[in-house]
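Accompanying notes for the structure given below.
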Amino acid sequence: MSAALSLPPLADREPVLSVRSMTVEYEASRGGLWSKPSKVQALRDISFDIRPGETLGLVGESGSGKTTIGRAVLRRLDLADGRIFFRGRDITNVRGEELRKLRRHMQLVFQDPYASLNPRMRVLDIVAEPLIVYGIVKNADEARDEIGELMRLVGLPRDAHDRYPHAFSGGQRQRIGIARALALKPELIVADEPVSALDVSVRAQVVNLLQDLQKELGIAYLFIAHDLSVVRHISHRVAILHSGRLVEIADRDALYDNPQHPYTEALLSAVPVPDPRTQRARKRLIYRGDIPDVAHWPSGCHFHARCPLATERCSLQVPLLINKGEDHKVACWHR
Amino acid sequence: SQVTIAVGSEASTLDPQKRDDGGERAINDNIYETLMMRTPQGELVPGLAAAPPTQIDATTWEFKLRPGVKFTNGEPFNADAVVVSVDRIIDPAFASEQMSYFGTLTGAEKVDDLTVRIKTSGPDPILPSRMYWMKMVPAKYSSDPKFATEPAGTGPYKLASWTRGQEVVLDQNPDYWGDKPTIDEVHFRFIGEPGTRMSGLMAGELDVITNLLPEFVSSVPKSAAVQGVETAVIILSTENEATKDERVRKALNLAIDRKALADSLYGGYATPTKGQLVNPRAFGFNEAIEPYPYDPAQAKALIKEAGAEGKTITIVGEAGRWLKDRELIEAVGSYWKDAGLNVEFKIEEFGEYLNQLFDKNHRPDAVFVVNSNELLDADRETSFAYQAGGTASSNKDEEMAEWVKQARVETDVAKRKELYAKITQKAHDNNYLVPLLNMQDIYGFSQRLDWAPRVDAKLMVKEMKVSE
Amino acid sequence: MAASTTTSSTPSPGQPGALRNFFTELRYDKAGLFGFSVIVLLILMAIFGPLITPYDPAAQSVVARLKPPAWLPGGSWAHIFGTDHLGRDVFSRVIAGARISLIAGVSVVLLAGAFGVLVGLVAGFRGGRTDSVLMRIVDIQVAFPGLLMILLIVSVVGPGLVTMIVVLAITNWMIYARVVRGIVLSLRQTPYVEAAEMIGCKPGRVIFRHILPNLTSPLLTLGILEFTNVVLAEAAMSFLGLGVQPPATSWGLDVANGKDYIFVAWWLITFPGMAISITVLSINLFANWMRVTTDPQEREKRFARAKAAERRRGKRHDAPAPAPVEA
Amino acid sequence: MGAFILRRIFQGFLVVLGVTIVVFVATRLVGDPAKVMLPLSATDEQRAAFEHKFGLDRPIADQFVTFVGDLATFDFGESMWQRRPAMDVVAGRLPNTLKLIAAGLGLAIILALPLGAIAAIRPGGIADRITVFGGLFGLSLPQFWLGLLLIMLVAVKWRLLPTSGYGGWQYFILPAITLAVPATARLMMLVRSSVIDELNQQYVRTARAKGLRFSQVLFGHALRNAMVPFITLAGWEFISALAGYTVVVETVFAWPGLGLTAMQAIRHSDLFLLQAIVFTVAIGIVLVNITLDVIYKLIDPRIKLA
Amino acid sequence: MTTMDAISDMPLLEVERLCVEFDTRAGVVHGLRGVDLSIRRGETLAIVGESGSGKSVTAQAVMGLIDVPGRIVSGDIKWKGQSLLTGDGPKRAREIRGKEVSLIFQDPMTSLNPLLTVGAQIAEVLQRHLGMTKTQARTRVLELLEAVGIPAPPRRANQYPHELSGGMRQRIMIAMAIACEPQLLIADEPTTALDVTIQAQVLELIAGLQETLNLSVILITHDLGVVAGLCRRVAVMYAGRIVEMGLADDLFERPSHPYTQGLIRSTPRLDDRMNRLIAIEGSPPSLLSPPVGCSFRARCPIAVERCTEQPPLAVVHPGASAACWRPSVPAWQESPPLEAALT
């Protein structure tokens, strides 16, 4: 791998992506021809930045809205409120052809390496499609060399060109997906649980690949996962999402070593460590209760029903995400 | 004993004076009676009248009534009943569909209990025939709303039950004035499909079916045929391009082998017409006219002579209403083609066909129709197809139209007959029409049934017999 | 997490080699093969009908009426299936009828299919209000008393082949719209279509490149099944006198004409009726086979069952067992 | 649930409204009843009187207003063919059709459930192959043809049952069979494939892992869950039969039902009767649809009626 | 964890050289290629391995749930010393299934019949195996729901699966599994579909039940972390075989088989500050034509000539056996030195 790009230190870079007070709603019922659709709030008041070459890990339970954030950032969903800035430019309401142009700079890597590749297309066609779509090349064969380079970059055999996705293993398919995302040299990649579907032994390969690519190309990642251990390995900063709200966002080590929000604590303690002795020695916080559902978010702090620190205030007022340390933001009344 | 008779369509009412449909008629012919009747051979004889009517003046006919006759509801049959029957049917408010038979009537008056006089608007020579069509209803009960579903007549049978959509059952009328019929229960079943009727007969469920196809005569247990009241004809336009030439019209008549059509298409159950549309049993049938011969050579020659070779003749017709209508039209067309013409068929859906048949302004070159003459009087055919301006006629012969008008009001039998002779002869000579075939009515019977069908196509159960 | 890594080497339909496999696959299923052969025969009959019919199917002959089929006393080999009540050759009419059935079937399926697919695509792709409106229209039309409306329309316009085709198309397009919409809607959720949109494909490219190929096989199967329905509907309408009008021929019409002669000439309804049945049966058998074959999962199951049956039987004798008729 | 039913009724009301408008327009275009209904020999005056009597001489818009007004009272005017209120005719015929459908569909359901389930037990087995082929065969028989063959053999040749008409139970058998054959085939194939599908579901594995007997798994789980698509199709069969698809059977067997009446009404250009029939059927369909939705809800708790 | 004295010497379940094959169009998939296992009363055994290694097939074979296209080609399964495959075995297998051995599936979403109330589904087992009446079963259902920690049992029992969350459903599955007080509970990835917090709850529940009911548990998982907390013994599967088996503490500390070593090293750990994970290159072999010899050979850094021969599962050191010709040889270097932050 070639030497890393020379960039100013992370903290000094201008954010490539800024999200401010983002709120997203879904239609809960489709609504008839006449009746208005009823809405549910999937995300509420989300703000964060991602800087070039940085990885923001986004962790949360299933249904907490991780995918929704990814889709909203990529402008596949409209915002109910808030703004999104890409390289300083407000893209909240960009649509049509302009949006299509914007897509060149932000790409998505999917969770399911099986379903995200069209089974009827050759690998070459799949990876070349972005180039064709933006008129960079006329057809896939013209792009052979360029694609070959990409393939090498993601560690696919050169002879992969003319084969179909089904001929590859899960890890290889995920590499194809990454190659496709890289084809347009984007500045931001949203990776929605890119390794969750992969086996442990293969997962490490893909995580390493993503890290290498970042070093080489200076891409920023929004890395979505439900697995805190993986996030720890890849992220610079980590955001914890709970029921549509960010509850904590901090530098990786600050967050793992010194979690502030009770929910973050619970999450961390629930992750089993693959070492019997350590695992037995760990203090585990197991909070009763279920994940709240988007249609019935509780009032106040969404975590209050499961929280050992909860007081009456928690069930009435929503805590704001405020800085509690050096760039360590927490949304809790008690920390 | 009982018989089951299939009829094609269900009666919508059993009021004998309201509608003009086959289903109702088949049943009511056995419940109700008329002043005049016909023998199975078609001869007009007194029925509820004691004797043939006498003409008092040009517009008045007097009937003497048969004494001692009763309706099944107990009312007597007398002059009141006749007066009510006549007044009821001609009442515009009643809107009887049978009015086409009684257009000339203006009313009736009672002379005494058994004598009644019927008035017409003008001289009406065929009034006795008309009275053969008018069923006599009881004087009081006929205004009851129930009358339409619970009939009461003087005939040999009375209603036992009516299950809508399925069947009507008749019982013998124990007080019938005439000879006791041998069959005491009659079931009329409504079956529209000929094939289904046929199955019913073959399966032994039915005793009588009507409109049997000639092909099936050999396969049904028993059958009988009788010269019917229907005649197939093609009406030619005297105005249109191709058919205005008399020679062409003549050729069209000569080109057709009617005998072959009757034999092949109808299996012999049809007879070639005798050069006229008038039914051979009807008053006014002209014995003197020779049938059109089959002479394809001359037909060809005539066409050539008229310079009409290859000209197009359009035949307007329909399919499915009458027995083998389409086949007959197509067969005729192919004869005409052989004669050197170009023939175009316009087989229309029935409604559209009627539009064209009745269109006074645009007469088709040739229009096919099957005429039926229940009154058995030439007035029907002549006013329908001969008289210029008639419902379906296509000629502009004012002279002939005048004759038809005269015949309508001529009460002298001989003179009337003469007028019809002139009309039919002239139409024949001018080839206004292409009369094709007189149809026969074929009936299928079960093995046990004995009956000689009637010329007037009435299903008289009292004439039937069953052998058990 | 943890998806299966079975390396499946079954090529999906639409990939090279799928066509080559066609006949190999067909050989597995005798019933499907039978269906396919009959369909080929039918198509040939429809195309070359006029060349192979021994007589003009409309030619009447009053002398040769109601002749029984050749093998019955009174029949002759001049008229294999006998003649009808107008002396027309039944065999020729059966052959000629294939054309009408095929024309009616193909036209209705194409017409209704094209319209339905269009509506389904638009509804599925645009989604939202467009979808609601279109699907509500579909719902309403589905709740219409179908055949009664057909009867009504035909009686207004007048019967005939064209009327019938149009009317059947008008009353049959909804199923395509529903199916297509369903597939498009679910496909739009699939990651690879989302991926296509994400890399900036325009809607046209998404539809044609990524969505339509997935529609071909369900649409083909649906079209074939609808085709059988149309053939039956054509026959039924012609039987009721609302479809094809003479002198054109149609199997349904022939059965209708023949039904009055059922007691003197059974062959009049038997042969055209059988023609309808065999046609529909063959298409059904073929469609059944195709449905299984175009679905890799079904195909896998069929294979497994055949194998299991083979093993069960193999315990007794070693002959290779034929693949079962399968659905 | 109440709100849902109300909404469905409103929706159904739209359907019925649409149907009536279409019918109104269409029937005004069907040939001129005055010509068709009256005898050939009728005079022009008679025809005019006829048109006047039925209000056909008034402007179309006028007619439509009266028509819609009368709808509210279920008054469809007088049948021109039967000369009694059109609704009376419908009321007389509807039960016959419903009985026929009940008999035919009942037969189909009774046959389809066990046959389909048996076939599904071992896909590819002998029973399955017979069922599938039988099903496809049943789907391939034109009803009118089948009906004629049945009449010819059973009624005429063997004289076991009446050929046609309406009456006691004997009269039901042949028409019901004819109506049932394709429906049975469709239902049976559906039961088969959905039971096979259900048997492949994970929850069936669970049921088996619980140690349930196969019969318990089949009847208690797979067949029960297959009822949702089954009822959908059965409902659809009912609706399409109601929508006039019994007309063929009714014609062949001279069954005095609604389908046959519709054919006759068309033949007689009986606008008012036709309107009444289509309207009634449309309402029937709407009702059946609502009933089906409620049944779904009862079977499948996941379905939300909102 | 479990009290040693609860473990009797008599193995409850023994799996011997079990081979399972699947007929597919592509060829015969050799799902299991000679699996040996045994578990004693009260013991907890984990089976780990990556996707497709044969974990679920093993469980299904034990439950007698192998169906077309699969079939058991050789080997034997013994329940309390009695074969379940030969002689009267299959009949006995049907009796013990759900009663003495029960199984929990991975996906609680699809494992419950959506059209029946969860109470009814639990009661079904009771009625089938214990011959309870409806009312008896009902009472017991409520007890069971209580036992698996479902609040408000009477209300929950009448709910349908879709009205419950994933964690709840998995609890229902567990309730169903322990309904007849089985001796062996096989849990096939019971927490894979659940979130970590819920996973922790469920694992705790299983551990608790194991202790109170003196259950034997086979826990199937691909997550080494889950194993570490719950199980005494661990079996590692790879490509249809067990490649290593031993006591958990031992195995994590001194993995013998290179695959086990690789697996442990490539698993990201929460308590680990390494930036870079260590990956095992390559991917598992296809089971359509599994390689001769050691299946891990192609990915193994220390493979030698001899590895083309299939190594037997042999005792490496007390309490641990591995199928490797070079057991306990470190296959990978020690972790690379801690890297500085990325920039």
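Letters A, B, C, D and E name the chains as they come in the text, with residue numbers starting at 1 for each one.
Keep in mind that, in the parts below, a residue touches a chain if its C-beta (ideal position, glycine included) is under 8 Å from a C-beta of that chain, and two chains touch if they have at least 3 such contacts.
Being a predicted model, the structure only gives us computed values, none of them experimental.
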item: Partner chains that subunit A and subunit C have in common; value: E
item: Number of steps on the shortest touching-chain route linking subunit C and subunit D; value: 1
item: Relative to subunit E, chain with the most remote C-alpha centre; value: B
item: Between subunit D and subunit A, distance of the C-alpha-averaged centres to the nearest whole Å; value: 54
item: Averaged-CA centre spacing for the pair subunit E and subunit D, given as whole angstrom; value: 54
item: Whole-Å gap between the CA centroids of subunit A and subunit E; value: 31
item: Subunit B-subunit C separation of Cα centroids, rounded to whole Å; value: 49
item: Sequence positions of subunit B contacting 2 or more other chains; value: 193, 195, 199, 202, 349, 352
item: Overlap residues in subunit E, where contacts from two or more other chains coincide; value: 50-51, 222, 283-284
item: Junction residues of subunit A, two or more chains touched; value: 32, 169-170, 199
item: Listing of all chain pairs that touch each other, if any do; value: A-C, A-E, B-C, B-D, C-D, C-E, D-E
item: Subunit A - residues contacting subunit C, complex; value: 30-33, 74, 76, 100-101, 103-104, 107-108, 110-112, 114-120, 129-130, 133-134, 164, 166-167, 169-170, 177, 180-181, 183-184, 196-199
item: Complex contacts: residues of subunit C adjacent to subunit E; value: 1-10, 299-301, 303-305, 307-308, 311
item: For the subunit B and subunit D complex, residues of the former touching the latter; value: 9-10, 12-13, 18-20, 92, 95, 97, 99-100, 103, 164-167, 189-193, 195-196, 199-200, 202-205, 349-352, 354-355, 357-358, 369, 371, 380, 384, 391-392
item: Residue ranges of subunit E touching subunit A (in the complex, touch as defined); value: 50-51, 149, 165-168, 195-201, 203-204, 222-229, 248-249, 252-253, 262-264, 266-281, 283-284, 341-343
item: Partner subunit C, residues of subunit D touching it in the complex; value: 11-12, 14-15, 18-19, 22-23, 26-27, 29-31, 123-125, 128-129, 132-133, 136-137, 139-145, 148-149, 151-152, 156, 189, 192-193, 239-240, 242-245, 247-248, 251, 259, 262-263, 266, 269, 274, 277-278, 281-282, 285-286, 289
